[in-house]
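Structures for review follow.
One chain, chain A, appears in both complexes that follow, with chain B as partner in the first and chain C in the second.
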Partner chain A sequence: MSRGLHLQGIEKRLGQQDVLRGIDLTAASGSYVVLLGPSGSGKTTLLNIVAGFEEADQGLVMIDDEDVGGLPPRLRPTATVFQDYALFPHMSVADNVGFGLRMHGLGKAERDRQVAEVLALVDLASFADRRIDQLSGGQRQRVAVARSLVVRPKVLLLDEPLGALDLSLRRQMQRELRILQKKSGTTFLHVTHDQEEAMSLADLLVVMNGGRIEDAGPPDRIFDSPASLFAATFVGENNVLRGRITSRAKTGTVIETALGPVKVQSEAPEGDEVYVTVRPNRLRLATPGSRAKHFLRGTVEEVTFLGTYYGLRVRTEVAPDMAFHVHSDDRTPPEPGAEIAVTAEPSAFSIIAAKAS
Partner chain B sequence: MRKGLWPTLYLFPASALFVLFFVLPLAAMIWMSFYQQQGFVLGTEATLANYLNFFSKPYYLQALWNSLWMGMVVTGISLLIAYPLAYILSFHASATWQRIGIMVCMLPFWTSYVVRSYSWLLALSNNGVVSQAADSIGFFPAVGLANTTAATIIGFVHFFVMLLSLTIFSSLVRIPRSYIRAAQDLGAGWPSVFTRIIWPLSLPGVIAGVMLTFVLTLGDYVTPQILGGGKELVLTQVIMLQVQRQGNFPMAGAINLVLMAISIAVTLIANRAISKASR
Partner chain C sequence: MTGARKLGGHSFRLGYVAAVLVFIYLPVAALILFAFQSSSVPVPPFDGPSLRWFEAVFADRRMTDALRNSLLVGAASSAIATAFGMLAAYATARYGGPWLRRLQGLFLLPLTISYIIVGMGLLITLMWFQIPKSLGAVILGHAVMHMPIAIALISSQIKPDMLTLERAARDLGAKEWQVIAHVVMPSLTWPMVAAFLLCFTLSWDEFIIALLLSRFDVTLPVEIWSQLRSGLNPKTNAIGSVVFMASAVLVIFVEWIVLMKQGKQEKSQ
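Take a look at the complex of A and B:
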């Protein structure tokens, strides 16, 4: 597996503030990498460091095993799709897309051929002579991607590329980006704060917070067993309980929590203090009168219709300062005020070591 | 009275003033320019004689050429100084320095141009600061710069560099920095970034400033009159001579209309160029 992108020990300070702290990241060539985090998490700074717009104070930036640190952006094998697209308003679509080729000294005939090819790839073949202000938001986005792809970068950097689009167009562009990435075989590094977008696009999802990588891996692994409390709560809705491990066994671990002992199947981390998390869709409403062991008993506070399921907010007397989220696909969910019991399989839980956090 | 009439009435004072002091004199001047002065009265027949006179006598044509040449030289020198100034101000200056720079550019607008011209006359005179400074460093004998065409150019350039800097600056600051990043990212070095991105996008400001500089230089009477020394007359000075010395109002009107026609033509061409450049 060749390393398309390899970052090692990246540090960046701005004045008194640590913007990036000890970033290590390796992504296979041709993979779709998504940096996900809230604003101020350092994800855009990291993108700029890979592009060469900013220099890291320390650390290594390698693309296809070549150190590109210190190179100006124009000499790096990267190309960027900017948040505002940065399409040149005084040039036609074709001239915009051909700009990079022209800068690399390609002749007109070859340029025209490659521009036509990439415009066909993004479905804009008939738009070559249009001016930028005659395009819709989605079309501009595709021109921006085409302009960057045509110079055949080893890593394509996308800075919140779908942020300016409305929701339905955004979902459509996500699919198109994914298809383009597979077709071109280019490594994509995509920055977003939209966790749904991140999960649907990423081969490698990188969750960032406060200048650190909280978790990195396939999106389904991060969703099912996040490595940190932040990753557990930032990526999708979650229920989190603090607890202490009371017994470890091959068959499972028992954790003492505010709701009483919880039996958990997943492997227990080092240390006794842990967080137990369980997704709202892994919680089940117990059938009335059932004698099975309950995870929690409480009162329904709020019922929200969410299309394929109802979202219930449940509060329990045992831990009145916490609200639990339960999804129910029953078409006749309990009314607000109803007393309910909730169960969960031991496999539904995942455990996070409670470190300094 | 109908409700709709009131807005029209409100327009009356302004329109009356405009008609009385602009439209009527202009019409009178146009009308008069087609008659010849005969003694203290106008000739009886409409004629193109004043215009034919203008375009056939070397005295007038020389003045026309002097005006156009002055306009081009002043515009050219001002642009050469103003563009780098505006560029540095918008790309390499902190917000504080930008404010200071704009303040400095605005200063000449707050002083009377008569006062400004006389100040330059003093500065450029034999014992003025400029001559003294040039003398003291043994650079070149600047003695006698006052009352020359060079003095007129210096006076003009001083003012129009500031004007051009402002129009160009306003174009440059509006260029999103991401355009420049995008161009660099796609492999462009500084020369390409400048010629393909920055220059074309600053053209509207450049053209607007150049047009204003050229037209205002062409139409200015005070600066060449005070600083120029009356050796190489420009059109505005010739017009004044017609009025003051000859009392030939029809001829003055005809020259004035030629000057106006040139200014209007330049403005129209510039407007077209701006809308083309900013598309």
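Take a look at the complex of A and C:
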């Protein structure tokens, strides 16, 4: 499969601050790539560098194996869906969607045909003559996507495209974006800080922090065995323990932690100092009186009802400065103040090397 | 006690406002009233109403020529001032490094210079290049004088969200001139209309530059002035009323545009 988008060694400084440091990223053509990170992580700057609104100080931007560095936005095979949509308020829906084709010198008849086609694709065929201020938020969003898709970009860039929509509409638009992406076969590069949105959309999830890529890969891999401490805590709720490897064997690795030794199935990285992570949903409340080996024993501090499960916050005597999160789908969860024991399978844990982070 | 003081303050304020309005508008009212005078001297007692002086104005070739010249000068100079003003305002907003920002100060400088200085400067320059005095020179003079106003008015309406629209246009393949033609100008239509009308109003009753730079083709204020020299005449009242009404209509129109735009913005927020 060809490389739809290839970034290599991207560096960007603004004044004294490193905005982007050593960004390497390769995405297959036709994949849905999501850049996920907190504000200030450099994800929007990276998007702007791909679009050509900003230039990298160093590094290579290639689209379908062609170097697009130095080209102005209008000559790049990209199109952008802006956060506030940036629809032209003085034009109708059809004129907005047809704008790119008009700039590329297409005749009116051909333009009208393609506009009608793409409006049908986003389910807005009957809205062609509407003014922009007559549209709802979700409709504007679809017009913005249509306006960018109609010029057949090789990479469609989406800058927090769902940020202005309310939750239920956002989930619906996520599904629609996903369907549109599959139908058009275009590479999508989507920036968001919503980790749920990121996981549900991405073929390739890229977690960014402080101008670096912390982890990149399929969302399930990042969720189950994150490559960095930041990725482990930013993508979904997690429990993290620092520890030291005391024995390595084929059957598993034993790590000495503040809670005592923990047996872990996954392969151990280089070095002795590690972090052990375990998702709250992989922890089980031990049945009272059970003799099974416990992961931790502690007091329930808080119980939160979260719909399909209860979230428990547990504090231990041996490590009182840490709170642990446990999910329980039991309809009668322990009360706050209850003493509980928690177990976990060795496969529930994953290990991260404790180097820089 | 506070109530009484408030009441006293209230009536004082009303009286003060009334006095100011009378002071400003009484001469205008008198001018318009005696334009309808029936006899040939525009002084009390009023013996009209009569339209004979308006007829006289429109029968006077020199007056109608001056009227036509004024319209031409107003339209041409305002079009130049608005077009260049828009480009200057856009350039300083978009490519405004520290140098250009200093340049904008220079753009606005003519506002602080009196008409007579600019008029004399232009006159000397014309003589230098041996260009005869003409309506064209008046148009140039008015364009120079009024461009700063157009720049200031249009600059204030270039909003940050326009930047994303321009980006979107470039991203979709628009060249710079297409960005200006398809996105910037449509977004600034009403500020440009307002700037044009304001420049037109100022040009409409500008006297000094028009006097210094014109020769045979004169504008309305210059013609009125030369007719006034031969004594008071209700005809000058009549033409003055026409000039005043034209200015008033334009100013009200500009105000209406500004209010309408504000109302629209508030509604959309």
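The criterion applied here is as follows: the second predicted complex is superposed on the first by the 357 of 357 C-alpha atoms of A that agree within 3 Å, B and C clash if a C-alpha of one lies under 4 Å from a C-alpha of the other, contacts with A are read in each partner's own complex, and residues count from 1 in each chain.
Methods note: a contact is a pair of C-beta atoms (placed from the backbone, for glycine too) under 8 Å apart; a residue touches a chain by one contact, two chains touch by 3 or more.
All values derive from a computational prediction rather than experimental measurement.
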Overlay on chain A: chain C relative to chain B, clash or fit: clash
First, second, both or neither for A:Val342, with chain B first and chain C second: neither
A:Pro73 touches, of chain B and chain C: first, second, both or neither? both
Touched partner set for A:Ala86, first chain B, second chain C, both or neither: both
Partner chain in contact with A:Leu121 - chain B first, chain C second, else both or neither: neither
Which of chain B and chain C A:Arg131 touches, first, second, both or neither: first
Which of chain B and chain C A:Ala202 touches, first, second, both or neither: neither
Contacts on chain A seen with chain B and repeated with chain C across the two complexes: 51, 53, 72-74, 78-80, 82, 84, 86, 88-90, 99-100, 103-104, 147-148, 151
Touch list for chain A against partner chain B, complex: 51, 53, 72-74, 78-80, 82-84, 86, 88-90, 99-100, 103-104, 131, 147-148, 151
Complex interface listing, chain A residues touching chain C: 51, 53, 72-74, 78-80, 82, 84, 86-90, 99-100, 103-104, 133, 147-148, 151
Contact set on chain B toward chain A in their complex: 176, 178-179, 181-189, 192, 196-197, 200-201, 277, 279
Interface residues, chain C side, partner chain A - complex: 161, 164-165, 167-175, 178, 182-183, 186-187, 189, 268
